[in-house]
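Given below, in the form of structure tokens, are the structures.
Heads up, the next two complexes both have chain A, just with different partners, chain B and then chain C.
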Partner chain A sequence: MKEKKIESLAKEKRREVLKNLRGLGARLYNQMDNGVFPWIKMPSRSIENIFYSPELRQYILGDKTVQRSARNIRHIRPFTQVVWAGYFASELARNRKTSTLRDVYYSAQAYEIPFKDQPESNSIITDLETVTGFSREDFNVFPEERSAIFGDLTIEYTVPGYEGKQLDLMSHPDGVMIGPALTSSEFVKTKADKVIAIEKGGLFTRFIEERVHKKFNALLILTAGQAPRATRHFIHRLNKELKLPVFIFTDGDPWGMHIAMVIISGSANAAHLRELTTPDAKWSGVWATDIVDYKLPSDALTEVDIKRLHELERDPRYKGELWQREIKKFLSIKKKAEQEAFSRYGLTYIVDEYLPAKLKETN
Partner chain B sequence: MKEKKIESLAKEKRREVLKNLRGLGARLYNQMDNGVFPWIKMPSRSIENIFYSPELRQYILGDKTVQRSARNIRHIRPFTQVVWAGYFASELARNRKTSTLRDVYYSAQAYEIPFKDQPESNSIITDLETVTGFSREDFNVFPEERSAIFGDLTIEYTVPGYEGKQLDLMSHPDGVMIGPALTSSEFVKTKADKVIAIEKGGLFTRFIEERVHKKFNALLILTAGQAPRATRHFIHRLNKELKLPVFIFTDGDPWGMHIAMVIISGSANAAHLRELTTPDAKWSGVWATDIVDYKLPSDALTEVDIKRLHELERDPRYKGELWQREIKKFLSIKKKAEQEAFSRYGLTYIVDEYLPAKLKETN
Partner chain C sequence: MVTFEEISPADFFYRNRDIAGFTSPSRAIFSSIRELVENSLDAADVASSPPQIYIRLSQEDAEETGLETGVYTLRIGDNGSGVPARHIPSAFGQVLFGSKYKLKQTRGTFGLGGTMAILYGQITTHKPVKVKSSTGTSKTYEYKLTIDIQRNRPIILDRKIHRNKKQWRGTIVEFSLEGDYFRAMPKILEYLKQTALVTPYANITFVDPRGRLYVFTRATTKMPPPPKETLPHPYGVDVETIQRLVCVTKFRNMLDFMHKHFHRVSENRARSFLEFAGISERKDPRKLKPHEIVKLVRMMKKFNGFFPPDASCLSPLGEELLKTGILKELKPEFIAVSQRNPATYSGHPFIVETAIAYGGEIPKKDDILVYRFANRIPLLYDEASDVSVRVIKSMNWRRYKVTPDMPIAILVHLCSTKVPYKTVGKEFIADRPEVKGEILNGIREVARQLQRFLTKKEYVQKEKRRLTIFSKYLPKIARFSTDLAGKEKEPNIEVLLGSVKKFEGEED
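So, the complex of A and B:
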């Protein structure tokens, strides 16, 4: 699958990250050598500079830039913080250690440039992403939350102590956790021809038990609610590197819809990144029309649900025909249904009847 | 480690569960054959029949019983529901399928004895636990949430398709998910001499990265917040079957304290079960006194935190000296700290300094 050796791929990525960070440092030194106060320029992430791109099918940043200069007294604090974040990121990459956003917040205190709170610290990491074009996972800053994968895919680790070791992702039938080691692994081989992402843990287990991975030749991914960024990136890679189409199954309500949408088109917060979206992924259900067609047990929409649907209706990511139709249907039937509602027809109905019908319909 | 073959152990458990359920059914048939309305008797789970047992160091049910009889018109509904739940559980065991509490709720609709809501359905499953003495996991009703384990332990699966297969729990450095397959596996071999349970995912990853499993010869468990029931049962098994002492590390606040306590002494809701507690497990930190001793970055306690501490102060599970001392300390310093706060001293301080000190202190 890969022509290059996997170990050298991982090394190359690390080298690129470090080169980029060293470049940032070198520019600052150069500026000072030339007798100017050091400064950094980057695309603005303010709301008026975030646009939805119909071509890329995700949010992107516009042309506005911001400049932070050590000359401006109001800039000194965020300027210093970004420079420190770059230093911290290079230490992580060099020592091959991972951390979390929370660790970054506390670690800064050791350097006596404390952040006033977690949002300030998070925002500086996003600045560093914007300046460098790398995502924080490339800097070894990983999310706390974990999701899982199961199916016919063999990966090779690149983390210290596991270099060269391979894992068959069918080796543990509860699913294999998507953490820093899996995220940074390389794909070795697969026979699967699609990816099925599932919101709920109970259903993920049901799919494994009913051998959906075999019957439908699929890699199964548990998003466990809103998919963590590392998982969205992993789905992106499965789609790009292995050319696997992606089908997403969520609860039939505005929140489930949005779990699918964030995998597909991402969020405004990540408008400066490109590798967290999978624009060709399909939301395969549970649709509002499924609630009607399959006569599913359902609950009434709450006021919060309805308000959310009206928000989604105006959201540029939801412009497509399917989305608009389903939003309208939810609003007209005023009902929602969970994935488990199919158990009403027996535990395996969802696998035997619903899944094949929907894979066909959304293919 | 086991003298019996693992496959036969799992079969035996399944046979016991089915035998118990058939016994329940047979009693009902007998009653009817003898011309009486069928009835079920079980310990009462009402609040006045739940006591804390200082010997068992967990909540237990007292002597009061309740009887549900098909003769009493108000009993017919819950009586029928428990009988159905018993039937459903026996189907799961016989077909070796797993499900969730949510599946149980929806599945009942197929039999036209719908539950009015999820709490009613959950309560009937708890009734079935109380009647039979088995836990719902024994009936293959598993929680949605997952936690993880990592370390030198080889298990053998008993789930269909994986019988006889073994997994080394060091094979995936992000941690191995504790789902139905792992929960129902048997222990084959280990060299570890302790279990370290950790609340937060970031720290779990740090511990693996810093090779805590090697340096401290430990199995590492991620509870991911409040430990799911299946994970509490798994910790109980590691302690009972492998005689491994258990050390629990949480955030330094009343909620972290309680995560440790529920692993140690369980909850009032599970007063009818014995295999969800590990009374000899130790809460090793982050203590209130650690916040002071290690000069940790901290946040002020909120009013909700303070209210919760006063509740815990009166809770019979918190009678021990350590707990009372730490509750008082939290209330006097009016501060709390997260596990990640140690990053203030560098990312590996928690492993190099804090962990060995606390393992020694709480051994």
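So, the complex of A and C:
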């Protein structure tokens, strides 16, 4: 039995976050104490400053920085909001509470610095991420979307009231939600030797029913469409800390491809963050070539699909041979297929035939 | 068969009362009040004492008649110069009799207005007019008159002489007329308000038929200097004027005739003009033949050696009184006034006064509010046709930072010995290029001052907003930073707040 006891990463992270926020506060405090309008310098997140790094295999921010000063009448409001967000994050960390982006939006109103709308509030949180270099999940701020995990992994909670409590992620047949508690948990032990991420809930349930976790010795993760950042970070940890290879199954269309790509190489929106990507993860299907090879029932590509494919073709993340080949194939057959299309060969075909073949092919 | 008959002036105006502003029962009541108030103001100007005017309008047929028009009694009293006893019957009972035929600026028009109102009252009610007046002597005179319309003669029904112990001076006129007060009310009240604005040294009291009291109190006792009488200017005379002068002149040669009868014609000027016109200096003016008179008038207009008329015959309000009047009636936040230098059109001197006011009690409309005055008379009708309104409409107001939603009033006052009215109704001023140019320049001048005010106001508001923003956010930054840094005491941000204060001591 393979058993791993991992060092308490979550506690460590919390200390770092608090230290960083204290540093930010002290910097601003000293500026004001010295009769200077407080200011913050941070990497620019403008399009011109976002670059793809082939070494890191993800988007990163360039050297351009922006300076926000409270002296500037146009900056002072967002500036105040960022400082407040820092204060809010430190309150969450100190009290070991979690929150959501929606919470943040409403909480600001109590301090008479209301946000105009949710996007403004989200953008301030992104500013705080950029200033501190931590992701919002590190500040215990989570988005509303949730995804799930099922498989042979025992975790130990670090959230208040559950500290030291362990959970076997096979204990619930619907899977366990990847929420704040799971994200901040520590990995205790696993027998699995791979991770399979699945785009759609129907297939995730089918895999559990068909005992894919046993047959393939895998942890199953439902991304539920585009994987939330917490899930991407969780996959990253499974890959980094437990050294598990990751296989991703999506629909056979440009959108499915991109769900896989964001797990692998991340998004431009998160160029200021690390530890959200899993560069060694594999997209295992459904490929355009699968549509042909398995004679899958398919739909014609729409104009939007085709436009998207042309965009992806030029995207630096899609430079790899597999990606370019599949994009060209999609464009030539002008067809797409959903994961459920395998049902035409019977409900278990995908597990009995397709999955082992693809795992082998992409490993 | 066509018959010709001569009609008297009274008869003429009786038949053509429309042109004198008596078109309808509501217009008639407005015009009556207006004509008599203006006579009273002129009388006070002559007496050089700040006017005190009392107007009372009461309805005689108080019981419900079911008709819109009713019979009213109008009583107007003033503290003006008073009318000498022997002139009272003619002044109030004869059309085209008056003291206004010499060349100087007065409010009334042809000595027509006041009597016209009385004439209108007589033909609609068949009742006599009562006039009481004193020039401040030991006696007051009280007359009861009617007008013999066909003969244009006053008929004295009654005459009383009282002892004037208190040395009262002034005139009280009371007569009945048919009218429609309720329809005329908005215009009457607007007229009184604007009169009070342009006559800030007058006390005006009005009791209306509902018993409501309107009081316009003077804000100063300073009056503008009275206008002087002048001779006609050669550019402004016509053949008829020369014809009359020729009949009455006591001068026996053309040199003296030109020099003595005309405005700003020196002996030298007269000499060079006569040479230009080819008329002998020694010619007896009484012997001028009709075609010579026509030629003389034509040459007068052609000759460009005459001095322009001077403006001593005009009585502009002056920037100070204009300001006083506007401040009194509109209570604006900002005001700029301007008096242009005298100018002439067709030999008639004129002066344009302009003012612009912002805020205060000026209502916010979709457009600029325009107050028009001619010889201190408010012009209330036909605004759209007036030269001032056209000038204002033609200007690019955005250049002056003016937007349509701003509460702005512009005042244009034209003084002249002959106001270039476009119609006999005398409600709007024609587009004379000289007049138009002066009005445009006058408005531009005050508009520039308004622009400076608006720019500054905008700046101060912006700065206030700035400071508000800094005072709102800096303390929060201080508070959150203190908490984040784990400190006890917040940093002192007063220095920072002080440094963003760009202006000090601005009024709120």
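By our rule, the second predicted complex is superposed on the first by the 352 of 363 C-alpha atoms of A that agree within 3 Å, B and C clash if a C-alpha of one lies under 4 Å from a C-alpha of the other, contacts with A are read in each partner's own complex, and residues count from 1 in each chain.
Convention: contacts are C-beta pairs under 8 Å (C-beta built on N, C-alpha and C of every residue); 3 or more make two chains touch, one makes a residue touch a chain.
These figures come from a predicted structure and were not determined experimentally.
Asker: With both complexes superposed on chain A, which partner does A:A70 reach: first (chain B), second (chain C), both or neither?
Answerer: second
Asker: Where does A:I40 make contact in the superposed view: on chain B (first), on chain C (second), on both, or on neither?
Answerer: Neither: A:I40 stays clear of chain B and chain C.
Asker: Does the superposition put A:Y87 against chain B (first), chain C (second), both, or neither?
Answerer: second
Asker: Per the contact definition in the header, classify A:L153: touching chain B only (first), chain C only (second), both, or neither.
Answerer: Neither partner.
Asker: One more residue to check, A:I221. First (chain B), second (chain C), both or neither?
Answerer: Neither chain B nor chain C is touched by A:I221.
Asker: On the A-aligned overlay, A:M32 touches which partner chain: chain B = first, chain C = second, or both, or neither?
Answerer: second
Asker: By the touch definition at the top of the document, which applies to A:L21: first (chain B), second (chain C), both, or neither?
Answerer: So A:L21 only meets chain C here.
Asker: Which of the two partners, first being chain B and second being chain C, lies in contact with A:L61: first, second, both, or neither?
Answerer: A:L61: touches no partner chain.
Asker: Counting residues of chain A in contact, which comes out ahead: chain B or chain C?
Answerer: More residues of chain A are touched by B.
Asker: Taking the stated contact definition, name every residue in chain A that is touched by chain B in one complex and by chain C in the other, in rising order.
Answerer: none
Asker: Show me the residue ranges of chain A that touch chain C in the complex, using the header's touch definition.
Answerer: Spelled out, the residues of chain A in touch with chain C are 21-22, 24-26, 28-29, 32-33, 35, 37-38, 70, 73, 76-77, 79-80, 83-84, 86-87, 90, 111-113.
Asker: Could you pull out which chain B residues touch chain A in their complex?
Answerer: It comes out as residues 97-100, 102-103, 105-107, 109-110, 142, 144-146, 148, 157, 159-162, 167, 171-182, 200-202, 205-206, 209, 211, 224, 297, 338, 340-347.
Asker: Write out the stretch or stretches of chain C touching chain A in their complex.
Answerer: 466, 469-470, 472-474, 476-478, 480-487, 491-493, 495-496
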